[in-house]
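Which chain is which? They are A, B, C, D, E and F, in the order written, and residues in each are numbered from 1.
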Amino acid sequence: MAIVAADTAWVLISSALVLFMLPGLALFYGGMVRRKNVLSSMMHSFVAIGVITIEWVIIGYSLAFGTGNWFIGGFEHIFLKGIDLYSISGTIPTYTFIVFQGMFAIITPALISGAIVGRIKFKSYIAFIALWGLIVYAPVCHWVWGGGFLTGEALDFAGGTVVHITSGVSALALLVFLGKRKGYGLDAIKPHNVTLSLMGAGLLWFGWFGFNGGSAFAANEIAGLAFITTLIAPAAAGLAWMAAEWTHTGKPTALGFATGIVAGLVAITPAAGFVTPMAAILIGLIAGLVCYRAVMFKGKLGYDDSLDVFGIHGAGGITGALLTGVFASIGATGLLLGNSHQFLLQLEGVIIAVIYASVCTILIGFVLDRTSGLKVSENEENIGLDKTCHGETAYNI
Amino acid sequence: MAIVAADTAWVLISSALVLFMLPGLALFYGGMVRRKNVLSSMMHSFVAIGVITIEWVIIGYSLAFGTGNWFIGGFEHIFLKGIDLYSISGTIPTYTFIVFQGMFAIITPALISGAIVGRIKFKSYIAFIALWGLIVYAPVCHWVWGGGFLTGEALDFAGGTVVHITSGVSALALLVFLGKRKGYGLDAIKPHNVTLSLMGAGLLWFGWFGFNGGSAFAANEIAGLAFITTLIAPAAAGLAWMAAEWTHTGKPTALGFATGIVAGLVAITPAAGFVTPMAAILIGLIAGLVCYRAVMFKGKLGYDDSLDVFGIHGAGGITGALLTGVFASIGATGLLLGNSHQFLLQLEGVIIAVIYASVCTILIGFVLDRTSGLKVSENEENIGLDKTCHGETAYNI
Amino acid sequence: MAIVAADTAWVLISSALVLFMLPGLALFYGGMVRRKNVLSSMMHSFVAIGVITIEWVIIGYSLAFGTGNWFIGGFEHIFLKGIDLYSISGTIPTYTFIVFQGMFAIITPALISGAIVGRIKFKSYIAFIALWGLIVYAPVCHWVWGGGFLTGEALDFAGGTVVHITSGVSALALLVFLGKRKGYGLDAIKPHNVTLSLMGAGLLWFGWFGFNGGSAFAANEIAGLAFITTLIAPAAAGLAWMAAEWTHTGKPTALGFATGIVAGLVAITPAAGFVTPMAAILIGLIAGLVCYRAVMFKGKLGYDDSLDVFGIHGAGGITGALLTGVFASIGATGLLLGNSHQFLLQLEGVIIAVIYASVCTILIGFVLDRTSGLKVSENEENIGLDKTCHGETAYNI
Amino acid sequence: MKYVIAIIRPERLDAVKRELKKVEVNRLTVSSALGYGEQKGHLEVYRASEYEVNLLEKIRLDIAVNDEFLEPTIEAIRRGAKTGDEGEIGDGKIFVLPLENVIRIRTDETGPEAI
Amino acid sequence: MKYVIAIIRPERLDAVKRELKKVEVNRLTVSSALGYGEQKGHLEVYRASEYEVNLLEKIRLDIAVNDEFLEPTIEAIRRGAKTGDEGEIGDGKIFVLPLENVIRIRTDETGPEAI
Amino acid sequence: MKYVIAIIRPERLDAVKRELKKVEVNRLTVSSALGYGEQKGHLEVYRASEYEVNLLEKIRLDIAVNDEFLEPTIEAIRRGAKTGDEGEIGDGKIFVLPLENVIRIRTDETGPEAI
């Protein structure tokens, strides 16, 4: 068996697109924080590329995609042992498969960083994502995609559960240790540069076509389907968020529209290759409204998930995973086609992921809190992490 | 007949590239407005993705590409009826064809927004682009590409007429209702952030390779040709603009160079797959000079096409459409090869598009002006649309 | 023989990615200069696309890839004579090959501009890159890739020698004429907007997947290999730079991490398709440390290579070229596999490129300095080139 | 000589400059500031919640004038900066400080003629 | 009437605003500035080398007050702006300038009642 | 005590700082401003047309000094800010205002010694 050149080209470019989501995330998040923390926040995304790439090729890939058992993949491919230029996964080179999957391993912990901007120690952040990548991401990835106990059960086209639920829930769990930003609740903490965030949303959407489209692992009809649903759902979600905000506050904000887009992207992720374009409209609309409510609700509960990682990736990921079980009609059947079993499988997947990710995150957080410490001092927080952690100022005359 | 994987991969990535032109446009335009309107301006591009995507899959695609009659495609594909995973258009999945064409439907009305920044009501803008997409874009697209009366007559490789002439002319027509910005003519209204605009030009060019290259609908020699001409013509046009500015004002501006690039991109669009690389140099040079004159001329006439949509997309689109009739030599023949008939067909296409787009735009504008109203109040304009329409401030300390 | 569609798609999209590195470079460099020079600096990248594209299709391509002799390709393809739609290079259309190679010709002189920001006359810059493209780039490209005397000898997968060594060394050579910026050494000249530079680094990395991946000229296993090494080496180099900075100054900066990434990208360029992923880790780590030292050392020597073109592209390119001779194991053998001859060939290539580029640059610089003059006046430098050369201000209220 | 500091709405800057020109006050220094005062009710929206912005964008003018120009200057600013006939909260204030000396760097002139 | 200019650390702005509110000083103008003074030791890193930043970000407050409010205002700024009990270099300064007149643009009121 | 406000060209800031250091004036506050005055002729180009920019970038220095430092301070600013020997339009101005009191927040010192 040989590789198919067109599929290889498609997965390669998709991988590049997913990597591009990291600068996109850096901008999206970086624009929403205050000036004094923008580099710190962007660095959270960038350093994740560094740390997780190396971890992934050394051990992460093996844990996630080694044969292993129901829980974990094992050590057969550490240091990419046993893989060479001509190894094949499906119709593409294994090296390319490793890269594509690696991009997902990178972005997932980076998503978490949005909840904890402006107050986490940099070295603890690095330790956190490295541990989280091994303890949370690799197993869950193995369960769902790598031959573990959820493979072939819960539908997750491109990572609604593996990527978004795990990161969204972990963001919330980590707040147990990191609490609120100083000034949160007293004064409005305004985004320092909304144009950066809009640009970031643009990059994210662009990259997401690779994220979802590439998850077909071939330049085929399914890739085409995943692509069109990835266009439609975010469009619908952006409009839904905008409508909610317009009704509710009288002002349709640009950042709100962008946020709705991201919510739609999250929600369509597990469904992208399983649902029709018309179902994608519904998924988008529902996700936009659910995430809007989730974010609004946070304000009332008073916890400081600073950039709404749970409200968007957690709530959106859960919504998407469940709706996949409702609307699936292509290559799988969901509730609407009478397959209530699938819906239950989705629910099972969600519950397991929520519990596993939150418990593990609390454990990791606990250990780090007791050892290197998670939170910076009040003075450092006041001055801002750009100066205190990184010795930099983003903007100079 | 089955899809060709390589062609599918190419049109998919081209679609992503075209979508990426929307954030590009948002930056290009956003950088040129004043700080108080930057989000409003960017939002014009973003919301177009939301509104037109949904409109396109519900009805727009059917109107443009349904069988229909000489004028319009009809309703056979509303809600994408009759299309499924295995539908094929040429050598690619129909879903992919829909996406690629949808991107063009999105960007065209967004282009118009540059003329009317800082003074159009947001809800009227939304209504405008939705109506315009149905009344102007869908028919013209059907005429030229969808089997209508210009199909196979006027050459328009990737949308010189369908995209640029229609939007450029409509921009001008809309000014009938929106008039000048306050302060226009009295004080120079300076771009608030030229680096954003340069970045935007970079994104636009990058995306345009998908716009023109993808319009071959296959990863073949024609795609290769469209790609090289899309590199050459803007390069030449940028230099031409720069030379004109340098001679004329003594200063070759960065924004001018970027503007020239966009002019070249516009002009090569109808010609990209029909002309040689050397002809592309000439098209670029001519377009750069023509658009420079058009923009300069505006200053003298005193209308406020704020970001020069007519001067660039209108003038550049007309130039490109006509020059396609002059230089066509690959897969078609133009004036230089003795086929004056083609030139007349091009002229016919231009005239019809100019008249149709301007008349319809004035009608739509008239209706909206009488109902929801098009222009914001003077006070809102003074304060800026970011605050008054969107409840936001782009930059905060 | 016919083209392979998948390879064509891959090289086309790779070409677009490489073009995208130019706006990336504009941001990376632009963010690091002071506000008063940001447009001037960005313009250096943009205008290179204009000038070199036209030069390349008129004569540069012919000089580099014409049959010619050991030294230069000759004039057989000036104005792309002898090439038409159906010309083939390998498995892709020749037009596509010309485009892809043209992108390399564009970016190489643009890299140099980082050394001389804020003090070079714009018209002399244009003359410089045009001459340099003919006198330095075209021959060296011919030697290594176009059939010249180094073809098949020195390994250079995607341009470690052709692109990075030549530009890095020339940057240094040009300082002979341009000296220091005013204020250098007295006051810290701080980057005016680090977020721009981070964004730029993101764009560069994204584009570099096309740069290295596309250099396989096919969507095959080698492209997959080049892609994974282009992910790994910069990740390792970023971490290495960060570690060095952390140890040395106590602060791991965001800009430092980004700089390390670029160093890793440079160093893996010649090796990308010849080494294993594990070797890529080592190459990245070494390059990160070497470039860190090189940049630090500059500070001590007191010359003002403003944005460290030599420290990164020169030092990184040399490191990469030599390490390719050490680690090559796929499709070639290096020192570690006992082939010391290859290492010597690499060394030969490096030495020749260093000497040739520096001598020619000094000659070009000398001529320009005596004719149009290279350096702006002190007053112009004080005010900033945006205003004095381009008549613009980047940021306005 | 007096040193006049005026805090006005950004959107009135052009009008104020025009009025000042009319009374032949052709030199001034402009900077941006944030005002905190009576002015309320400017709501912004951030992710599903509204909040009141209490630091509002303002423009600050610094104008050094000779004594006989003081009244016209104040009047001009007033005319340019006032919203409607009634005025509105947030229209701003004018502060008049004593100025002891002025030096024109270019010519080394000092005092009233340097203004 | 006095015109008070205070240069404080950016991170103390919220505290100062709170303290001022307590003494019923509800109007002020904020702008950003760079301070150059005794304060040293803030090192930044740029590409493998450290350097000392000597222009530090500061916040500047302008507050016009009636005479009886002067002391409370100064005290409030002090309380809000001082780092710890000892204070630290860089905590800033307060300058008090005489103010001859104030005009409220909206109402044309002048003098103490316009403040 | 005097409160000195100087408006200078941005490109002269370094020179002025150096001159001030020579006369041992080591504390000042810098902010950015836009100047509007005699200075003309700075043309910018925006899309095929030239226009005159009349709000020009300036740097504003605020320096509080004790009386005996006033002359040296003014002289130092002059030396640093003047373009060439003749000076040029746009070189800027120095304004001297009376200063009634200074408070150093850190130490609670007041008056001349707090400067």
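Observations
FYI, contacts are C-beta pairs under 8 Å (C-beta built on N, C-alpha and C of every residue); 3 or more make two chains touch, one makes a residue touch a chain.
None of the values given here were measured: they were computed from a predicted structure.
Listed here as common contacts of chain D and chain E: A, F. Counting only chains that touch, the fewest steps needed to get from chain B to chain D is 1. Simply put, of A-D and E-F, more C-beta pairs touch at E-F.
Checking A-D, C-F or C-E against B-D, more than half of the residue-numbered contact pairs recur only at C-F. Per-chain CA centroids place chain A at a distance of 51 Å from chain F.
Computed centre separation for the pair chain A/chain E is 43 angstrom, with centres defined by C-alpha atoms. Centre-to-centre spacing of chain D and chain F amounts to 19 Å, using the average Cα coordinate of each chain.
Multi-chain contact residues, meaning those touching two or more other chains, occur in chain E at positions 31-32, 34, 43-46, 50, 53, 55, 97-98. In chain A, the residues touching two or more other chains are 4-6, 9, 13, 190-191, 193, 249, 251, 253, 255, 390-393, 397. Inter-chain contacts, as defined above, occur between A-B, A-C, A-D, A-E, B-C, B-D, B-F, C-E, C-F, D-E, D-F, E-F. In the complex of the two chains, the chain A residues touching chain E come out as 36, 183, 186-187, 382-384, 387, 390-393, 397. Contacts from chain D toward chain F in the complex involve residues 3, 17, 26-31, 62, 64, 97-108, 114. Chain A meets chain B in the complex at residues 4-7, 9-10, 13, 17, 34-35, 190-195, 198-199, 201-203, 205-206, 209-210, 213, 218-225, 227-228, 231-232, 235-236, 238-239, 242, 249-255, 257-258, 261, 276-278, 281, 330. Taken in their complex, chain F has these residues touching chain D: 2, 5, 7-8, 31-38, 55, 58, 60, 74, 77-78, 81-83, 86-98.
Residue ranges of chain F in contact with chain B, taken from their complex: 43-53.
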